[in-house]
Each structure stands twice: as structure tokens, then as C-alpha cells.
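Two complexes follow with subunit A in common, the first pairing it with subunit B and the second with subunit C.
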Partner chain A sequence: MALPALPVARGRNTGRPRAGMSAIERSRRRLYWPMLLPALLLMLLFYVVPILYAGWLSLHTWDGINELTWRGMDNYVQLAKDPIFIGSIANTLKILFVVGIITFVFAFALTMVLREMTGRKFVRSVLFFPTLINAMVFGIFAGFLFSPAGPVNKILALVGVQDPPKWLAQDNLFNLIMIVMIWSATGYFTTIIMSAVDQIPAYYYEAAGLDGAGPWTKFRHVTLPLAWDVISVCAVLWTMSSVKVFELILVFGGSTAQAPPTSTWATAVYVYQAAFGGGSREFGVSAAAAIVSLALVTVLTIGLRRMLRREAIEI
Partner chain B sequence: MTHPNAWLKVATGAILATSVAFAASGCTTTSAATDDSSKSLTYWSMWTETEPQAAVLKTSLDAFEKDTGIKVDVQWQGRKVLEKVTTGLLSGDVPDLVDQAYDKIGPALAATNQAADLAPVLAAKIPGEDGHTVADVIPAKYFDILPSYGGDVKNYMVPYSVSNVSVFYNKANTVAPTPPATWDELLANCQKAVEAKLGCIAADGDATWANSYWFDYLVNRNMGDGAFQKLMEDKTGAAWDDAGVLKSAQQIQELVDKGYIIKGYDASKYPEQQNAWAANKALYFLMGSWAPAETAKYAAEGFEYGAFNFPSTSAGSSNANDTLLFGFAVPKKAAHPEEAKEFIAYFSNKDRMSGISTDADNLAARPDVEAPAQLADVAGILAENETRLPTDGISSDIIDKGFNPTFDKLFLGKVSAEEYVKEAKAASIAYWNAKG
Partner chain C sequence: MNQVLTQSPESAPAAPAQAPAQVPMRKPGRKTRPSVGGMVGRVIVWLLVAFNLFLVVWMVTTSLRDTRDIAREPLGLPLAPHWENFTTAWNTGGFGIAAINSVVATLVSSLLVVAIAAPAAYVLAKSTRRLSSTFTLLFVLGLGVPGQVLLVPIYVMLAKFQDLSHLKMINSIQGLIIVMVGLGIPFTVFLLAGFFRSLPVEIEEAAAIDGSSGIRTFVQIVLPLARSGLVTAFMLAVISGWNETLFSLVMLTTAENRTLPIALLAFLDQSQFNGADWGGLFAGIVLVVTPVLALFIWLGRRIVEGMTVGISK
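After this line comes the complex of A and B, so read on.
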């Protein structure tokens, strides 16, 4: 997507040839729209139109089949008054910040350790492995591992713990969900950040080492600035994926196709439940909740981009 | 400089052509499938092809095709079948026949006025049974309890399979072989179980849907039929002040406080404790009639499935039994509704419906079909008692959002009965306040 070497692509592109341009530049400008249009059309058709439609839907009452009835902003008022929706937003933010920060701290720590390790390619593959596993597997496996008479408690009993924690108790459920997320996301982001770190020439580290820099200083003054672009992209990726967390919660909390406990709902679960979960089939409310999540992720992403904006440093 | 211009024309043409093709292909999906004039029947099933119920239905569908010449197109969609029907209703692509539980068909088809009236099916003669109509063989009470979900059609579903919720126990147990008829007897048996170092009641902390059967039944016994619905649908929350609510909550609290619920229930995932019950680690298990089939693999040697109706709490209390119905419905927009109705009557034949019992180990909707051995008690409970729907058939949205979160706290022993009533009342008011 980046077009670093083409000065024409920068600045205002009106597509209109101007006098005083070279022939090649003019033809390039003429091709601007034809090249852009297919992608633009697809994006309009599959992203923008559905979003606009969801916005339109969120102003109505709809059971999914019959005609829409105008409801104005009432769906949003309903959401604002619904303690379950407020709780879902709080959970989404917890996933975004708590899980996100811990994941990135782990990813950085691993990056620092792995940079100089022998066999790091292998270790990286091992770390990446959890990302490949479907969240469902964790949900089912955790139920087995942490059950009152399960392997974890049996091992604890062997080492003398007679009163083990109630792992799967409802209070712990959301924490357990967050732990699984950290576990599966760490490998993913470590892999991406590592690939950026691999591009940093070794002599920067050597030079820093000669100047007496320890691992932390090397990380702070060499790794971080030189991998900054990739890190900020990772942060945006995480923001977007955290708002979409859905199936893990559904599998962890929901037994036999029932809704998971509301204390574990994130906004995506709320959206699903409003439309398909209960007997209510409130597609309007569901659409409103989706629009609120979209607004949330947009604001957060823009904020994050601004916060992380720095001058790119060329290697 | 004609080159780029020519190129531009080609490119624009290509893009236009693609977008037209896109639009065209978008249209074709909605306008297809109206050409078959011969008799046919499209059935979308709630079962997947490998389930025994599917085999039972398939046998009858094949026979139906042979007997009537109506070509049957069956799709084994699985439990989410109605979500597909809902999407299909928008594009006009709907099956002629569909099946699910009443609480799935109701909100999807009855509430939206998309279900055909099946009253004519009730009056239809069953092929192969001289003169009997569907209404003669399927009890009227099953139709009477169906909630309308605010729709216009009352008979939107004809059940072929029934489940009910009762307390299961091992008849071969030596701790308390006689089933209790009253709440006090149940508590006395629980005491015996605890003294014998056994759990009394099996439950999984995360299966709120099953645990809430206890409260739902207690409210029904203490406050009468329809009381649970009134409690949930009271927007002012005043119904929570009724003494019967506190009494029901206190009865749950007693089970928790006295350790009558199996140890570890508050940190287990369904069906962990269900299996523990089958392994004789607890005396009682309040569950739907699918419990024997689900636990068969885990059952202790010599386990004899028995069941009793939820005990009464006082002399005059209701004896209603929670019943769940599974059956057929016909979407209003179906292309071949008559064929669908014909099949419903065809499948209501005793021999054909008996496969539900003999092959699928479920209760058939016809009481004259003999129940599978492990459900003999359950069939008796169903026949002898009044019938009600779990949670009086109210929308599961209220249950999920308004009821469950606070009920969990009571059942998991985190709040006292008094605190529970206060919190539940507030939660109920908040739910209705948000609904506006």
C-alpha cells in the first residue's frame, strides 16, 4: 500500500493532466482513477454500503423479516440505559487495554531475549503456534483442564494444595478469557515485531554495546525507534481485533448453545445476542450496538495513530 | 498521445462490465426457484444427518415420497435452521417445512406472522389410521400451552417430540430409594445423602439455564401457575415484593447453605457434574428428559434411570410439569404448503412416529407410543400432571439479561435470599427501563 518511491502519488492527485508535466507523468495521472476504481467499488459495495445500511437500520425497529418501523434515536437511548451494554463496553475496553498492554510487554520482552538467541527461528514458530489454534479448542480444553476434578487440581493436590482456586467460577471466567487471549496474541505480535527487529543491522547494537548500553538501553534507543512503524501498525491491528472478540467468549461461557453469562459479554457478543440470541430479535438494537462499537474502534484507532505518530527513521 | 486514452476506454469498459455482472449476479439469486410445477416438498431439518432423529424422519420421508409421488428435498441444517429460514424469508428462498423447538419457532415465525396456520392439519385424517385426525392423537394441552408470541396464528406448530424437565435419580440407590413428593421430603433425603458423604443435587455452575429450573419451579409451586411470567414481566418490579419470591429464594439458599448441592458445582463446566451424577456422586439431577441419553456413557454399573415430578411445597401447590415441544411448522411464504401439511399428518401416524421413541430414545408427542424404558417414569409424569412451559414461556432475552445475572449470585451462594430479592428486583426494573 505504501508508495514510497513515487513522488506523483504524494500530494493532491486531481487526475487532471497539467501543463508543464512530462508525458510520462501525464499518463500516470490519467491512470490514477482507472487503477483505483475497482478497489474503490468493491470497498464501497462491501464495506461502506453495509455500514450505512446498519446505520439506517439502527434508527428502526426490525424483527429481521417484516417492515422496518422508524424508532429514531431510541435504540441508542436503550443502549445507554442498558447496564448489560455498558458492561459489554467495559469488557471490550478491558480486553483492549489490559490484554493489549500485557501482550505487548510480553512481545517486547520476548523480542529482546530472542534477538540474540540461537535457534530463534524455531522458538518463533513455537511462539506463533497458539495463533493457529481455533479459540474453540481453548474453550473446551480449559473446561477439561480446570474442572474441579481435572488435571490442574490433581497436580495441585499432589504438591499439597488442598483448596485450589475455583478456576471456572463465574468471577474468574472473564480473567481466564483474558489469559487465553494474551497467550494466543503474544506469539502473533512477537512474530511481527521480530521480523522488523531482524531488519535492524547488527552494528547499531554493537555500537551501542561499545558505548556501554545494557539490554534495556539498547531496546529503548535502538530497537524501539527503528521498529516504531511496525509497532504502531501492530497496535492498530490489536485495537481492531480486540473489538471483534466473539467466539472465545461464546465458547468459554456458553454451555450447550445458551448465552454466556452477561458478565463476560463484549460488544460483539451483545450485537449477536440482540439479533439472534434471545427470543427478542431486535435487529435495530443490534445494529445500533454495532455502530457504537464501530465508533469506538474508529475513535480509538485515530487516537492511537496520533499518539504513536513519529518521524520514520531510515535505516 | 492517443495511447492512454484508448487504454482508459478499455479500462472503463472493463470496470463497467464487471460491475454490471456483479449487479446481475446479485439479482439472480433472488428470482430463481419458481419453475417447479410438479408436486414437491422442501424440508429444512433441525437435525444433522447423523443424528438418530434424522434417520427416523428420513425413513418416513422416503415412504412419503413413494406413497404420494411428492418429491422430497430434505436438507439437514442442524439447530440453527431458523436463522437460515429468517435470512431466506428476505430473499424469498424458504422451505415448505421446518422443525425446531417451540421457543425457536415462536420468536422466528409466529412473532413475525410468518407461520402458516396449521389448524387444518389438526383436522386432517392420518394416513393409515382409519378416521383418526391429528387432533385425536396429539394431546390438546400441547397446543394450548403454545404462547402466541404476539402473532396472529395460534396453531403454528404441530409437535412430534416432547421433552420435559423432572428430577432424575438412580432407582437402584440405597441412600434414599423412595422419591420425595414434597419439598420437605426432598430436604430430608438430601440430609441422608450428605450424611452418606454424597452430594444431594448435581448442578454445573455455568449452566444457569438448568439451575434456574429450580427457582422457576419453586416460584410455580409457591405462587401458582403463571406467577413466574408475572414476576419477569412486571415493569415496576413490585411483583418481587411478594412473600412467595423470598420464600423461593430462601429455599434455594437452604440448598446452598446446607451443602446439598454437589461440591465444586460453583466452578464446573456443564456437563461435568451431570456426569458425576450418573456416576452416583449425587442423588438428584433436575434436567430435561434428554439426561438419560446424554449420560448413558458415564452411568455407573447397575444405574436405573428414574424420575419424579418437581415436589410440591404446600398442600395446594401446582403440580405442573415443565414441557418442551419439538415439532413442525410451515412458513407462510412456502411454495408447497399443502404438501408440507400432508407430510405432518403422514408422520403423525403411530408406527412412523414411534421411531422417535424406539430409535431416537425420545418421547413421541403421541402418548400412545410407548416411551423408551429409561423414560418410563418421565412419560408417567407427563401424562399425570398439568403441563406448563419452563419460565412460563417468556422471551429468553428477559431471562438472559434481566434474570440470570442476579440468579447466578444466589445459586452460587454469593448473596443471601434477602439480598437476592433486592438485587433481582433492581435488575428487573433496569431491564424494563432500558427497553423503554
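After this line comes the complex of A and C, so read on.
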């Protein structure tokens, strides 16, 4: 606003000699390290050091008890040849792209519908809520609802479907997992996109409407370009969360004391199973898989940002 | 006008408030299509809402039904409330001790993470040092690190620390609390830094002119001003702590140390051998879901904003 003098008085220039600093700036400097250090130390201890340690472990064979032995890149070679690991990477990519794209389409469709709807706040809250619940609960729900004698099949039988699909058969399991993910993620992304769309002034739509734009044209030429920044952030967020998917897969089917079928594993499940999933503890392999998933999330995030940025300029 | 009339049956109450949205629909050639599409859309949305609400109601009613009853008729209502599902789950199912552990771990870790992150977020938000942007970037990058990358290293580090210090870390709630605090730092710093940045600097300057020291300004002036941000950060830490599964699963191995998600997993495993106790299982699920549901009903707007608003920056 009309306060141009204040930022100057605050002393924006970092290279300024001490004497030129305001009192507030000086006391801020004195408190800088004491206030920052605890968080910074935790960051080092729980992020920086563990990542470096994982990189180092991934070059060794270790069961957590015996001596650590050097293995070079062999863990990575082993992973590259392991069909289960390749499958889990493929599943992670499926979650990222298939679930991601469908979720975004739904989120946009919902945003468009909700924009002109009564009770939108209520609807948004109800759809948002699954985001806050441990995904395990949905895994158990799905296992129960889709069990052979479960409610879904009973309802289908009422409608006349006598031979319902085997929902929980190995071949269908991952698809069902993806459907549950779409359902639980849609509300979250709808909320984010809606908050961006709400900031678009209504007269843009009016103007487009006067020019004869239909709903699709308005969406394509008003909503999409103006909400683009948020969409690209959402894409990055989704990339990060899709690599983390764990609980849902772990319990899916609702009744497995052992590991879930390997055809449903994603990278997080693979890392967990290699290190702690019964049998021998293979910390080296697990760490290598972890490093691969970190590399994956890094490459995908950077790639997506690049891709989406270019599009934004195009519009 | 015609358009408005065809729409009015389902959207009449909103019509005056949403007037601008209807202006574009005056175009004569296009009057039916958006209305049909919009109507179908609305029906689908309300079906979705109904489904979500149904899940909550179904979860609660099922938790009050007899297990054999549930197996026979999965969608029925309880004939008489079977509260014993909850007592079984609480006592023999191990959910009681797990609930206490979950509450302790979640509250303590959330308080600590906010207490540690708030000062750091404050200096990062207000400082003009060049170093600060490097640190800010470090915290932001931390947001993108998947938990599984840290799983084995943190586990091994904790085990080693336990050997050295003889403080119980593995299979102890205090160990889990430390991990949850450490892992929660990047998000909380990120969230609070955004919040502190939005606070007007004039108030602090006024305090400084009045002779308030830096730390006093922070504690007595900035923190109270930032209360809503701190509450939001705390709530979000509570929710993520309450749902934490990966590290808890690896670290907590015995029944007396389990948190609720792990107790739920253990209960599932048990039902492999003893036959599924659906009533008990749903009682356990209710224990996991209800606190979050209550928080959401109470402070939903804040939670939603905390999880979405900072993102667009």
C-alpha cells in the first residue's frame, strides 16, 4: 500500500554495514541462529544424513546384524533384473499417470459443476474428508464391500447380474486400488483447483459468454490458463504423493497377514518388504530401491515442471 | 430468461447469489446443453456426496452390530446396539492401549514440531539474508522426499543411538515421537513461513521502537498474532501423526507399544486365524476415524485452508 518508506527502514540490503541497520534488523540477526538451529539440525538428522546414508547402504549388502560388505552397483543391477521391482515401478507410474490424469479430469469436472451449485461448501467438505483418513481404512472397506458375498455383489444380484467380476482376484486388485485412490484424491485436488478458480473474476466468464463461448470454450480459454500455476503445483504434489502410496496397498483385500500380492506392489511397498517384510533383511537392496524411488520422484518432478511451464507460456 | 426458468427447480435458492454465472447462458442457440450437462453433473456430485456420507454412517452402524449379523447381511442396521464390540476391541483387540499411545504420540509430537518449526519459520520468513533462501529451499526439498527413502537409514540410526545411549528408541513411543517430529519439520516450517510472511511487519517495528527485545517481540507479539496459523499447523501435524503408519509399523513391534493404525493391522492379521471379527474391526475403524472426523467438523475450514492455500504460492 502507501508505505514505501518502511521496507527501506527495515534494511533490505544484506551487505549493509552494521551501523546502517535498524534496531529490529539487528535483534533479528542476533536471534537468527538460535531460532533456526533446532529445526535445521532435525532437518539434517532426519533428511540429509539419512539420504546420504541410504546412498551408502545401497552399495552394500547388510542384514542389520552381520558385517556390512561392499557390493558396488550390484544391488542396482539386481533390482533392474527383478521383475517384482520393475513391476512396482510400473505400478507407481500407473498411479502417477493413470490415477493422476483421471483424478484431475474429475477434479476439473467437479470444479465446473460446483462453481454454479447450491451447497458447494458442504459438498466440497464431504468430498475433501477422505484425504484426512488413513488410507488403510479404505482398503479394509473395499475388501469388505467387494468380497464375494459382500454388499456390492448383493446389489448387483438385485439388479440381475448373476456373475459379477471377481473384484479381489489378483488381476483386478490393482485396478480396484487405483479406483479407491481416485475416489479419495479427487476431493483434495478439487478443493485446491476450486480455490484457484474462485479467484478468477466472474466478468471474464461473462465476457467470454457474450462472445458466444460455450462451457468447454470457457473452460479451455478462461479457466485453464488462469488456473495453470495451481494446476502445475498440483501435478507436482501428486507426483510426490503417488510415490509414497503405501498403506492402501498393504491392507488391500482386507485379510492378508502376509505381504500383499506382488503384482500390486508400488515402490514404497517394495522398500518396506525388502527390509522388513519377513525373511532375511536386505537393507542394501531396500536402500537401493529407496534411492531409485527418490531419483524417480526427482526426475518426474523436474520433468513435469518443465513440461507444464512451457505450456503455460504457450497460452 | 428461459434458461433461468428451466434451471430454477434445483437451483432456485442459489439463483440470486449466482446471477453472474447465468449471464453467459443468454445465448439462444445454446440454452439446453449446459443445463442438461449441469444437471447430470449435479446428480453425480450429489450421488458422490451421498456415497461418502453413507460410508460414515455404515461404518458407525456396522461397528454396533453383531459379527454374525454383519456376515449375513452386510448392509443392515443394528437391531440393538452391540456396545460390546467396542469393549472387545478396546480390551482384547488391543485398541485401548493403542488409542492411548496414539493420543500421546500425536499430541506430544505435534506440540514439539510446532514449537521447533515456528521460530525457524519466523526467521526464514522475515530475514533478508541470502543464506535464508538456501535454507528455505532445503525445507521445501524435504517436502518432496518420500518416507520410504528415509525408512531404513532412520531405523538403523535409531538402533545405533539406542545402543550408544541406552535410551529406548526402537519399539518405544518416545522413539516414534522423535521420528514424527523430525519428519514433520519441513511441512510445518513451510506452512508457518508462508503464514509469518503474511503478517504485517509494522507491528513488530512498533514493538521494536517501544523497546521490546527480539525474543520478547516474537513471544509476546508475533506468536499471539500468528495464533491461527499455529493452530492450523498443529492440527495438520495431529492429522498426519494420527495416520502415520510406515514408521510405526517398522518401529513398534509389541502390543503394548502399538499405535492405532498398527493395532488395526494386527487385528486384521489376527482375524486370519480366529475368523474375522467384523464388529470389533469396525469398532477399531471408528476409533481411528472419529477423532479426525470430529476435528474436521470443528475446524474444517482451517484444515482445508492449511492444506490447500499455501500451495498456490
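Convention: the second predicted complex is superposed on the first by the 256 of 315 C-alpha atoms of A that agree within 3 Å, B and C clash if a C-alpha of one lies under 4 Å from a C-alpha of the other, contacts with A are read in each partner's own complex, and residues count from 1 in each chain.
Note that a contact is a pair of C-beta atoms (placed from the backbone, for glycine too) under 8 Å apart; a residue touches a chain by one contact, two chains touch by 3 or more.
None of the values given here were measured: they were computed from a predicted structure.
In the superposition on chain A, A:Arg30 contacts both subunit B and subunit C. By the touch criterion stated above, A:Thr61 is placed in contact with neither subunit B nor subunit C. In the superposition on chain A, A:Ser232 contacts neither subunit B nor subunit C. In the superposition on chain A, A:Leu45 contacts both subunit B and subunit C.
Applying the stated contact rule after C-alpha superposition, one finds that A:Pro130 touches subunit C and leaves subunit B untouched. By the touch criterion defined above, A:Gln273 lies against subunit B but remains apart from subunit C after alignment on the C-alpha atoms of chain A.
After overlaying the two complexes on the shared chain, residue contacts for A:Asp82 are found with subunit B alone; subunit C is out of touch. Touching more residues of subunit A than its counterpart among subunit B and subunit C is C.
By the touch criterion defined above, A:Val113 lies against subunit C but remains apart from subunit B after alignment on the C-alpha atoms of chain A. Comparing which residues of subunit A touch subunit B with which touch subunit C, the overlap comprises 23, 27, 30-31, 34, 38, 45, 64, 149, 255-257, 276.
Residues of subunit A that touch subunit C in their complex: 3, 6, 9-14, 22-25, 27-28, 30-32, 34-36, 38-40, 42-43, 45-51, 53-54, 57, 64, 109-110, 112-118, 122-134, 136-137, 140-141, 144-145, 149-151, 154, 188, 191-192, 195-196, 202-203, 205-206, 208-210, 212-215, 218, 229-230, 233-234, 236-237, 240, 243-244, 246-247, 250-251, 254-257, 267-268, 271-272, 275-276, 283, 286-287, 290-291, 293-294, 297-298, 301. Contacts from subunit C toward subunit A in the complex involve residues 10-11, 13-14, 18, 20-27, 30, 33-34, 37-38, 41-42, 44-46, 48-49, 52-53, 55, 59, 74-75, 116-117, 119-124, 126-130, 135, 138-139, 142-157, 159, 179, 181-183, 185-186, 189, 201-202, 204-205, 208-209, 213-215, 217-218, 239, 242-243, 245-246, 249-250, 261, 264-265, 268-269, 271-273, 276, 278, 281, 285, 288-289, 292-293, 296, 300, 303-304, 307-309, 311-312.
Listing the residues of subunit A that touch subunit B in their complex gives 23, 26-27, 30-31, 34, 37-38, 41, 45, 63-66, 74, 77-79, 81-85, 143, 146-149, 166-170, 172-173, 253, 255-259, 261-263, 273, 276-282.
Of all residues in subunit B, those touching subunit A in their complex are 1, 3-5, 7-8, 11-12, 15, 18-19, 22, 79, 83, 86, 89-90, 103, 106-108, 111-114, 149, 204-209, 263-264, 266-272, 276, 394-401, 404-405, 408, 412, 427, 430-431, 433-436.
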